[in-house]
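In the two assemblies presented below, chain A is common to both, partnered first by chain B and then by chain C.
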Partner chain A sequence: MFEFLARSLEASTIFTLAALGELVGQRSGILNVGVEGVMLFGATLGFIAAQVTGSFLIGFLVGILIGGLLGLLHGFFSITLGGDQVVSGMGIWIFGFGLTTYIGNPFTGPLGMGRIPKLWGVSPFFYLSIMLIVLTRFVLTRTSLGLKIRSVGENPAVAEVSGVNVTKIRYLCVTVSGMLMGFAGAVYSLDYNPVWNYNFLMGWGFIALALVFFSMWNPLILLGGSLLFGALWQLSLNPQLVLPGVLSRYVWRMAPFAITVVVLMLMSTRWFRRRWGAAKPEALARPYAKE
Partner chain B sequence: MQKGLLAGIKHGEAALETRGITKRFPGVLANDRIDFEMKAGEIHAILGENGAGKTTLMNILFGLYQPDEGEIYIGGKPVKLRSPLDAIDLGIGMVHQNRKLVSAHTVLENIILGHPNAGRILNLRRTAKEIEELCARYGFKLDLNAKVWQLSEGEKQVVEILKALYRGAKILILDEPTSALAPPETKKLLASIQAMARDDLAIVPFITHKLPVVLAISNRVTVLRGGRVTARLETAHATEKGLAKEMVGREVIFKIERAQVTRGKPILQVENLSALGNKGFLALKGVSFSVHEGEILGIAGVSGNGQYELAEVLAGLRKAAGGRVLLDENDITHAGSLARWRHGMGYVPSERVDVGSIGDFSLVENVTMNFYFDERYTRRGFIDYRNLGKLTEELIAEYNVAAPGPDTPACSLSGGNLQKIILARVLSRKPRLLIANLPTQGLDVGATEFVRNKLMAAKKAGAGILLISEDLDEILALSDRIAPIYEGEFMGLLAAEQTPRERVGAMMAGVRPEEPKP
Partner chain C sequence: MRIGPYAVKLRKRTALAGWQAAIISVLAIVVALALFSLIFILAGVNPLVAYREIFSYAFVNRFGLPLTINRFIFLLLCTCAFILPFRAGLWNIGMAGQLYVGALSAFAVLLAFGAKASRSMELNPTLVIPLMVLAAALGSAALGAVAGFLKGRFDVNEIVVTMMLNFIAYWLVARMIKEGGIFMNPGGRGESFEMPPSVYAPFIAGTPFTIILALGVAALLYLLLAKTRLGYEIRAYGKSPAAARYAGVSPVKIPFVVFVIGGALAGWAGYHYFAAVPGVYKISRNYGYFGDLAFYGIICGLISQGNPLAAIPVALLFGGLSIGGRFIQGQFNMSFGVDYALLGVLMITLVAFQFFYRYQLVLSPVLSPACPEPRRRVEGPSKGSCGQKPGRS
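Moving on, here comes the complex of A and B:
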C-alpha cells in the first residue's frame, strides 16, 4: 500500500510539472496544446543525453533546454507571427511524436544507470514540484511580475498602456512553460520509468493539458488535480494492489480520460461558466497586435 | 527620456504645448497643424464634432500614435513620445473613451499594474493606504478590493483617474469624461476635477456634446473642426450657442419641435417582464407597459438598472425569465431576433463596437446586416450588393458620416460616425417599432440634433419608439411618456408634458412618487 502511494505521488509529480508549465503559459494568454510533444522531446533527448554521458544532471539539463527551445518556437509562431496557437501546438505534438520515435528508436530499452535515490521513500522531484507550485502561486498572486503576467493574459491592450511589455512577458512565460514541460518529460524517462520504448508517454501530456482547465487556472487546485490523476493512473497500472479483482486494468486506464471528459463537459455548462467563468484568462489563445 | 520635467511646476506655468501637429490616415487628415497650449492648474476643454480629430490628438499626446509633423513641448522642453510609457514617465495621464482596465482584477491591482514603484513583491497594504489618501483628497469613494467588472461606468472612470494620479500625472487627459455618467455622477466628477485643478494639475477634457459641462468647469476652450483649430477662447466669453456654432459650423437648434401625433393602437405590449442579468441575478423585475403607434416612450435611468436587459429581451437577444411580450398582439416572447426584424422591429444596441458593428467588415457589409432578409435587397437568395452599395452611399451622404467611402472598414470610423451608420441603417428600414438604447451616445451636438429630429420624424410617420437614455434632457425633449427605471423596476409612468425635470431625476434615483399615476 505504501508502495502504491509513493508511486502515485511520483506519477502526480509529472502531471504537476507539465501542467504547471501549461498553466504559466496560459495565464499569460498563450495556449500550448502540444504539451505531449514537448514532454516527448524532453524525455527522449534527456534519456539519450544521460545514457551517452552517464550523467543524470546533463540529462535533466538537456530536457529542460529542449523544452525551453520548443517553448520559444511556439512563442515565435504565436506571439511574433500572431499565428493560430492550436495549430502551432498540434504541430509541436505531431513533430515531437514523429521525430522522437525516430531518434529514440536505437535507444529502446532500459536506461541502465541505477535509480535516483529516494527521499523519505518518494522521488525528490515530488518535493521539488510542491515547491514549484507554492512558488508559482506566490509569484502570480503576490508579485509585480505575477500581476503583469495575469494582466497580459486577461487584457494585453490594457497591460500595454500601463507600461507592460506584453511581448516580453509572453515570451518569458511561454519559455518557462516549455522548460517545465521538458523537465516533466525528463523526470518521466530518467526517474519515474527509465525505459525508452515506442509511444511510452501514452497521453500524459494531454491529461496535463486538461488538468489546467480542471484547475480553474489556480496552482493549488492544480496540485489537487494532479494528485488525484496520479493515483488514478497508478491504479490503472496495477489495480490488483488496491482493489484486487475489481474491473480490468484497461477500464482503470481509461479512468483519467473519462474523468477529463466529464470535467470538461461540466465546465462547458452554462451554470459552471456563470459561476466560475471569470477564472479563465480572457485573452487566452488570442494573438495580440499592437495598434 | 527626461523625467520630472513637470515636477516643480507652479500654477499658471506652461505645462504642455504642441506646435503644428499633423497626422494623416489613409484618405483622412485627422490633425492639421494643431497648436495647443495649456498651463498648470488650468482646465482646458477641447471641443469638436465627431471625427474632428480629438481622440487622435490625445493619442499623440499619450504616445500611442506618432505625429507625421509637429513638436510637443513639456515644461518648455521638446520631447518625443514613442510609447505610452514615455508619456507616463513625463507626467501625462490619460482616461480613455473606451475604458482600459482589466475587468477580472481588483481596483487596487489595476491601479498598481505596471507602476515602477510597485516593488517586486507587492505591498498592497501600503499602496492601499496611499490610494485612500488620494481618494479622500479629491472626494472619490471606492472599494479598492472590488473587482472592476462589478463597478459602474462612473466608478471605472474614477479608477482610471486614480491610476493616472497614482502614477504622478501632472497633466490629465480625459476623453469624453461625462458621456457615460448619470447626472449625480457627473456632478461628483466635476467637483473632483476642480479639486485637482486647485492642486495645479493641468486637465484636458475632450467633449463632443454636453456643452453646459464645458461652461461649468473649464477655464479655456479650444475648438477643433475637420482636424483644424477653429477657435480658442476664455470660457468666460463663451456661450453654449456660440460654442456649438464653432464646432459644427452652423447654428444648432437645441429645442426640438415636438410633433403632435394622435397616438394609434398599441404595437408593443409588455406584461410583467423579467430577465436575468449577466451575473445571474434578476436585473429586470417585472415591468409592464405598451408602446403605441406614433408615440415615444422614454425609459430614463442610470445605466445598470435593468434597461439594458430590457432592450436585449425585446430584441430577442436575451431570454425572458418571466412575463410576456406581444408585438401586434402576437406573442413573441420566445421568438428569435430575425422574426422580430421581419415583423418591423428595429434595434439600436448600446454597444456600437461589440454588438452594433463588425469592425473588420466594410460599411456596406455592416449595413447589409440589417437587410440580408429584405426582398428588396436580395435576388433569389443572393444578396444584391450593388443596390446595398448605393444605399450605403446615400446613407453616408444623408447622415453626414465622415468616411472615405462605403468600402471603408467600420473600425476606422470615429466613435460618433460609427453610431451614425448604425442609426442610419435601421431607420432607413422604416421600422414600425424601434428599440433605441442610448441612440445619441458619443454624438456631437450637430449629430445629436439630427438624430433626434430623425426619431421625431419616424414617430410622425407612425412608428412606435422605445427610447432608452441616461440623458434626462433627451428623454424630456423627445418622449410622450416617461418611465423612470430603478433597480429593474419602473418607478412610475408619467405623461411627459406635465412632469417637472426634478421629479423624473428623483425617480431615476429610486424615489417613488407619493400617489402613483397611470
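Moving on, here comes the complex of A and C:
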C-alpha cells in the first residue's frame, strides 16, 4: 500500500510539472494543446542524452532545453506570426509524436542506469514540484512580474498601453512553460519509468492539459487535481495492488479518461460557470497584434 | 526588409483564390519533403535515391500500388471526418477512436450472426455487408456524438474530449479482443476472430468497393458544404459562432451534426481497414497503428484547406508517401518509424506555412528616394508634403 501511495505521488509529480507549465503559458494568454508532444520530446531526447553520456544531469538539462526550444517555436508561431494557437499546438504534438517515434526507436528498452535515490521514500522531484507550485503561486499573485503576466493574459491591449511589453512577457511565459513540460517528460523517462517505448506517454500530456482547465488557473487547485489524478492513474496502471480481480485491467485504463470527460462536462454547466467562470484568462488563445 | 533593389513587405490577404491556396499547399509539401531529406542524409541514404524509391514503389510497383490505393481510401475517409467539423471551426482529432469503435461495431454484426464459431460459415453477403457498413457508421457516429453534444450543449473543449475518447476506445478494443474479451480470437494471439471469407468486401476493378464509398463521400461532402442550407450554416458557424447565432443558426445543432457525420465517416475508415483490405480481415493486434495513421487525416485536411475535393489528390499523395516510407525503411535498414517521422515533419512545416495563407509577400522595386525622410531645411517654415514646393501658396 505504501508502495502504491509513493508511486501515486511520483505520477502526480509528472502531471504537476506539465500542467504547471501549461498554466503559466495560459495565464499569459497562450494556449498550447501540444503538451504531450513537448513531453515526448523532453522524455525521448533526455533519455537518449542520459544513456549516451551516462549522466542524469545532462539528461534532465537536455529535456528542459528541448522543451524550452519547442516553447519558443510555439511562441514564434502564435506570437510573432500571430497564427492560430490550436493549429500550432496540434502541429507540435504531431511533430513530437512522429519524430520521437523515429528518433527513439534505436534506444528502445530500459535506460540501464541506477535509479535516482529516493528522499523519504518518494522521488525527490515530488518535493521539487511542490516547491515550484508554491513559487509559481507566489510569482503570479505577489510580484509585479505576476501582475504583468496576468494582465497580458486578460487584456493585452490595455497591458500594452500601461507600459507592459506584451510580446516579451508572452515569450517568457511560453518558454518557461515549454521548459516545465520538457522537464516533466524527462522526469517520466529518467525517474518514473526509465524504459523507452514507442509512444509511451499514452495520454499523460492531454490529461495535464485538462487539469489546467479543472484548476481554474490556480496553482494550488492544480496541485490538488494532479494528486488526485496521480492516484487514479497509478490505480489504472496497477489495479491489482489495491483491488485485485475487480474488472479487467483494460477497463481500469479507461477510467482516468472517462472521469476527465465527466469532470469537464460538470465544469462547463451553467451553474458552475456563473460561479467560477471568471477565472479563465480573458485573452486565452486570441492572437494579439499591436495596433 | 530589402533584397537587392527590391523592398519586401508583408501584406495581409483579404481573399485567397483557390489557385493561390493550391500553390501554397504544393510549396508546403515540397519544403517538407526537402526538410525530410535531412533525415535520409543523417541515416546515410541519398535523399534523391530515397524519394525515387518511395515514389516508384508507391505509385508504379505492382505490389506497392494496391497498398497505396487501400491507404488512400482510408486516409480520404479520415480526412473527410476531419474536414466537416473543421469547416465548422471545430477540431475532430478523434478519428482514431471513432475508427476503432466503427471496426468493433462492424465485427459485432458478424458476432451476432455467429461468425466467431467458424471461419467457414456461409453468410449471405448481400445482407451482412450492408449491415456491417451501417453498424460501423452508427457505432462511430455515437462516439462522435458524445464530443458534438458536449461541445454544443456545454461548450466543452472538443480537442480534449475527442482525445480522451481516443484513449477510451483504444482500451475498449483491447478489452474486447484480448484476455477473454467477446471478440477474442479462439486461438488467443491478442487479436479478434477472423471474418468468414463469404463476407469479404467485394472488389471493383481490383480494389475494395470502399473506394466508391470514399470518393462518393468526398463528392457529397463538397456538395453539402457548397450547395445546401446545412452546409451554409456549418460554414457560417465556422466563421463566427456568435454571428451565426444571430442569423438563426443553432449553436447546439451544428457541433452535434458535424461530429455525428464526421464520426460515421471515420467509422467507415475502420470498416475499410479491418474488413475490406486483403490480408487483414480481422481487428489485428497492431490496431493502434491504424489509429496513428488517422492523424495523417488532420494534415490532409489542413493542406487541402477544408476542401473535400482537394483532399483527394492530397490523400493519394500521403497514402503513397506513408506506404513508400515503410518500404524504404526496410530497403535501406533505417530505424523504425520513417512514416511517423514524415508525419511529424509534414505537420510542423504545414503549421509554418499557415502564415502564407493569411499574408503575402510583396516585392516592390525601391525607387531612388525622391523625398528624403527627415526633412531638415532651414529655408523658411514649410508644411508642404513631399513633392510640393514649399511656400507656393
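Everything below uses one rule, namely that the second predicted complex is superposed on the first by the 291 of 291 C-alpha atoms of A that agree within 3 Å, B and C clash if a C-alpha of one lies under 4 Å from a C-alpha of the other, contacts with A are read in each partner's own complex, and residues count from 1 in each chain.
Methods note: a contact is a pair of C-beta atoms (placed from the backbone, for glycine too) under 8 Å apart; a residue touches a chain by one contact, two chains touch by 3 or more.
This one's a predicted model, so the numbers in the text were calculated from it and none came from an experiment.
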(request) After lining both complexes up on chain A, report clash or fit for chain B versus chain C. (result) fit
(request) Mind telling me which of the two, chain B or chain C, contacts the most residues of chain A? (result) C
(message) Which partner chains sit in contact with A:105 here, chain B, chain C, both or neither? Use first/second/both/neither.
(response) second
(message) Touch test for A:155: chain B only (first), chain C only (second), both, or neither?
(response) first
(message) Contact-wise, after the overlay, does A:144 reach chain B, chain C, both or neither (first, second, both, neither)?
(response) first
(request) Figure out whether A:116 sits in contact with chain B (first) or chain C (second), or with both, or with neither. (result) neither
(message) Touch test for A:258: chain B only (first), chain C only (second), both, or neither?
(response) second
(message) To make sure I follow: the centres are taken over C-alpha atoms, the vertex is chain A, the ends are chain B and chain C. What is that angle to the nearest 10 degrees?
(response) 80
(message) According to the stated criteria, A:210 is in contact with first (chain B), second (chain C), both, or neither; which is it?
(response) second
(request) In the overlaid three-chain picture, find the nearest pair of C-alpha atoms across chain B and chain C and give that distance in Å. (result) 8
(request) In the complex, go through chain A and note every residue touching chain C. (result) 33, 77, 81, 83-84, 86-88, 90-92, 94-99, 101-103, 105-106, 198-199, 202-203, 206, 209-210, 213, 248, 250-251, 253-254, 257-258, 260-261, 264-265, 268-269
(message) Per the contact definition, I'd like the list of chain A residues that touch chain B in the complex.
(response) 142-145, 147-148, 150-151, 154-155, 157-164, 274-275, 278, 282, 291
(message) For the complex, give me every residue of chain B touching chain A.
(response) 62, 64, 84-85, 88, 94, 96, 100-105, 109, 112-114, 116, 118-122, 147, 149, 163, 279-280
(request) In the complex, go through chain C and note every residue touching chain A. (result) 39, 91, 93, 146, 150, 154-157, 159-161, 163-165, 167-168, 171-172, 174-175, 178-179, 181, 292, 295, 298-299, 302, 335-338, 340-345, 347-348, 350-352, 354-355, 358
